[in-house]
Amino acid sequence: MLNVAILGASGFTGFECIRLLQYHPDVVISHLFSLRDSNESLVNFTGNDVSFNTTIEHFDPLKNYDIDCLLIALPHTIVHEFMPELIKHTYRIIDLSADFRLNSNDRYRLYYGIDHACESLLSDAVYGLNEYYATKIAQADLVANPGCYAIATILGLKPLTDLGLINHGVVDAKSGVSGAGKALKESNLYANANEHISAYNTNKHRHMAEFEENCPCSMIFSPHLVPMNRGILVSAYLQLSSNHTTESLEQIFQTCYENAPFVSFSSTNTTPSTQDVLGTNRAAISLLNVENSHAIITVAIDNLIKGAAGNAIQTMNLMFGLPEVSGLPLIAQRV
Amino acid sequence: MLNVAILGASGFTGFECIRLLQYHPDVVISHLFSLRDSNESLVNFTGNDVSFNTTIEHFDPLKNYDIDCLLIALPHTIVHEFMPELIKHTYRIIDLSADFRLNSNDRYRLYYGIDHACESLLSDAVYGLNEYYATKIAQADLVANPGCYAIATILGLKPLTDLGLINHGVVDAKSGVSGAGKALKESNLYANANEHISAYNTNKHRHMAEFEENCPCSMIFSPHLVPMNRGILVSAYLQLSSNHTTESLEQIFQTCYENAPFVSFSSTNTTPSTQDVLGTNRAAISLLNVENSHAIITVAIDNLIKGAAGNAIQTMNLMFGLPEVSGLPLIAQRV
Amino acid sequence: MLNVAILGASGFTGFECIRLLQYHPDVVISHLFSLRDSNESLVNFTGNDVSFNTTIEHFDPLKNYDIDCLLIALPHTIVHEFMPELIKHTYRIIDLSADFRLNSNDRYRLYYGIDHACESLLSDAVYGLNEYYATKIAQADLVANPGCYAIATILGLKPLTDLGLINHGVVDAKSGVSGAGKALKESNLYANANEHISAYNTNKHRHMAEFEENCPCSMIFSPHLVPMNRGILVSAYLQLSSNHTTESLEQIFQTCYENAPFVSFSSTNTTPSTQDVLGTNRAAISLLNVENSHAIITVAIDNLIKGAAGNAIQTMNLMFGLPEVSGLPLIAQRV
Amino acid sequence: MLNVAILGASGFTGFECIRLLQYHPDVVISHLFSLRDSNESLVNFTGNDVSFNTTIEHFDPLKNYDIDCLLIALPHTIVHEFMPELIKHTYRIIDLSADFRLNSNDRYRLYYGIDHACESLLSDAVYGLNEYYATKIAQADLVANPGCYAIATILGLKPLTDLGLINHGVVDAKSGVSGAGKALKESNLYANANEHISAYNTNKHRHMAEFEENCPCSMIFSPHLVPMNRGILVSAYLQLSSNHTTESLEQIFQTCYENAPFVSFSSTNTTPSTQDVLGTNRAAISLLNVENSHAIITVAIDNLIKGAAGNAIQTMNLMFGLPEVSGLPLIAQRV
């Protein structure tokens, strides 16, 4: 049994790690950690009959806890400060923050506004794109879990960018509000976010840095906030580099993901909804409307699972030689 | 034409005053005020073609602005500090905060936790219960607009408490989230308030102080937060002091509200929904299920209109001798 | 005073006409009509104190009612059957259905799947795009009110297509659920539509027929259903025919809409949200991110007002020589 | 391994059974059944990598399928027609419809409007109240799963009614919309149910029949529909038969549920929210405000899990000698 601890256990993503791990047959939850000195308990959300201690402990970066894996679910620009201490320890780390997703300090500074505190570690960290980098992930001691928009977009575009097939494109993305976590901002208030839709950070969103490194192409990225808790829908309108038949494009996706248990590619005429994948670690991808060298790729994920906690656990499975699907939900919640 | 100014124009309630007054045939909006030095403009919400200045000005309590009426939409425990200055001016005041709703400092201290800064003004302020206190309101220089839960509950219970017919009761109230205004609290975040219902402040809510003064009876009050923007539904389960026929109770309500243009009493077998009154200044009241001296009174209002801005404008109409319904919506929004 | 009747009064759009007309200083609501023999009353939504009869009467197409204007809010493919009778009467007609929006039976058959029953009337009907066709509208006896997606998209693109500036583009649109009216389909059920987003009818939506006639350009149109009651946000990603400065494009929009009281063009760096225009007859348009001959136009409207009932009343104002803004809301609801 | 089949697999409750069983370590899903001849597939919601056949087969009541347990998730008044055939087979049955919950045809006719087709089976069916009837459930061949309002209310009241402590009470219940299933009614449409709250079926709801049999007391029951997908909150305002200390009442609940892994009783001053139990099989119960022989009991459940599919699987665990908690979620979803 793996001993796993979660740092940032009271946030939405950290708690989602806990919730998913309750079903994992090979994991024991050893500690729930916070950087703050909280002693907060999560018992209201778990009841008394779970097998782990629901009280959140203060985390000490200098201490070598007797665990196999640490999942870090903290806001970005915090983790890089103490990562040089953490990697000295014997446990392996999956960082769900943005701090180790990029390869270069230049891009980190550009998108996050500060210099990276341990630039040298950037090249050691593996980007947790399980469907593509499984071999490197299996051997990594530090994996950076992708951003929610990033993983949805990359899974949809990378089969084509890897072959150089995209000339340019527009990615119009729609996300539920949980992606903003618990940030106390007016735009996150119920009365402001409900019955409301708007674009934000057009062509400036930080997850674009991850596209640039993993599926580079000329792209406009326009994220929108929609009034629901969970789910991301990415609609990518692509100008291909030349004409392609629907069949040839379908073949590319099918080959690319034939061994990917969490990617559902549909070559039918329907596009996925976020409810098709709600509560699962799946990404549902569809291909539509290819004509005159245009294609529309639609990708749906649950932003807290495939876009965060679930993908991280899939990574953990790969790192520790467990079955890739172990403990992870495949069946959607629908309601 | 009345010259009206709004203090607290950027809050939900203050803005709702502005929005409703756009339809008022007898009003000119003279100033939008804030206590802060903001110079914020509301033009995004109004467009450029409205007839008033959409920039919010700093308010000076010492200045006697050339207006007829000031609507104050600030959080409670702020207004009482400078009201002694305001009442020296020539304009009349409708205060939508809680600071002048109660008759005694004792009750104010009990429910709001601080001493009232100008206790002597409490008896001068008239409680803005238009359906009952219209005569006093017509002559008042300072009217305190009722709380949202308070007005819904009082309109439902007062016909019976005025006759001493209620022995005791339970009021289970459900409110949309806009009642919390723009307070930056975790419980007001979309991801926490959406897909969530809970009770809060059971038997401790501050609006109870208003029931006690205006429709006293032995009562349990239990408010609940429900995931919608607007609307309050009050379900009052009443043990009557003796047996009454449905017809006699209906007669009481019909007589009580026959001249009240904003109260819709239904003696049919259906209970109102919040959509029946959404966007209106109406209160829809129903009476159900009278047996063994029990009655169920249900009241629906739009918490930002009859529960706040609309009722205040109705008060303004009464204060200045305008038709009571002038400028106020009667027809529900449904969707 | 104009005598106005509404046919289809119990639907969302028909009722929205009634609700908006309550504020109109120059209108008397004469009749509420239905094609069915309902005798249904809308009193639950209006209370008893409105000045018109809330009972819905059976409509007889052969009868020449003593009214000035008939607003028709019925589903498409019904109205064309009896329009030849209606136009014989003395009143003027604004049809909010889709049946008279197009110029040709070919396009009607292509998008609506049946032959038009009175093709000869198609050229008589004026398309109710008030910002462009006001002169023709003022003289028309039959005006076809634009579709909700159509008016938002056309207002955003027509300033550029009229100058031939758009090479091709992608329009990704997001709509609240009220656009579907009361159709009893599984996809319209709360439990299916809530916490759900999906694309539908990509490149096949019927409103595209209206773009083709009023702002022709090569375009992908992809509508999405989002979980909210009201509002449409159109995000148009445009490849321009040549390079243009931001300033020159802004100038085009400002000139085009300088006399349009319901169009708010913003040349700042923010994009509109649906809350900016909720409850109003306004369209908020922004221009963003012009580089390498790309522009992003964003348009927000309230789909039941500027996208339906409000625009129709604006048309009525133009037809009868009333001030264009008479009775129509400019100030957003926000919450 | 148990071989389990689900009849009514395409409904919300039937699908929830499937979704929960994906985590069950002791279960194989053998068949998905429908009474209709559909051949519909659920693969959109499951992906291709689940271990069972996602195509829904036509169910033949006369056929003795080689399964251990049949979960029936059909609407009420259908199942009783063919249950006499089913009970001849070798498999055991858990019926999630209402048809076998009651002991007498009289009460069935009163609440469901028709005569029961196999009255003699009513006394054989065990009511699936696992926390109280575990011994009988372990031996039963036919268990009727409780209604969603019923199980929440009974778990909250039965500790007191079993001791005769409740004089009378009011139960004000609030439910998300998924309880209505996929019924195509106007009130279930998104645009009608969203931003809307109302009472319905006051003192007439069919689940009251289950209270009467399992926790009889004089009670007003008032259910409300609130705009969310999942969750029930029951607020019970109780007049006790005599004075009781808070401590003595807490002791009753703690004793009653000390061995109930899915009941979380809280004696603190907070009341549960539906998010505390969202996605779990738990019922969170709190006790508040005891004075003058009044108590307020609040109960929160997930209506599709503890109120339907989860409780049925808990029953299945008891029937087949598996650990009671096997495969069932304890940790709430929060978002």
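Lettered A, B, C and D in written order, each chain numbered from 1.
Definition applied: a residue touches a chain if its C-beta (ideal position, glycine included) is under 8 Å from a C-beta of that chain, and two chains touch if they have at least 3 such contacts.
Owing to the predicted nature of the structure, the values given are computational and were not obtained by experimental measurement.
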item: Set of chains adjacent to subunit C and to subunit D; value: A, B
item: Chain at maximum distance from subunit C, centres defined as averaged CA atoms; value: D
item: Between A-B and B-D, the pair with more C-beta contacts; value: B-D
item: For subunit B paired with subunit D, centre-to-centre distance based on mean C-alpha positions, whole Å; value: 40
item: Rounded Å distance, subunit B centre to subunit C centre (Cα mean); value: 35
item: For subunit A paired with subunit B, centre-to-centre distance based on mean C-alpha positions, whole Å; value: 45
item: Shared interface positions of subunit C, touching two or more other chains; value: 12, 178, 191-192, 194-195, 227-230, 272, 275, 335
item: Parts of subunit B lying in touch with subunit D, wherever the complex brings them together; value: 170, 172, 174, 176, 191-192, 194-200, 202-203, 220, 222, 224, 226-231, 233, 235, 237, 271-275, 278, 288-289, 294, 296, 298, 300, 335
item: Residues of subunit A that touch subunit D when the two form their complex; value: 12, 15-16, 18-19, 22-23, 25, 44-50, 178, 195, 229-230, 261-262, 264, 266, 270, 272, 275-276, 279-280, 282, 284, 304, 325, 329-335
item: Of all residues in subunit B, those that touch subunit A in their complex; value: 12, 177-178, 180-182, 184-186, 188-195, 227-229
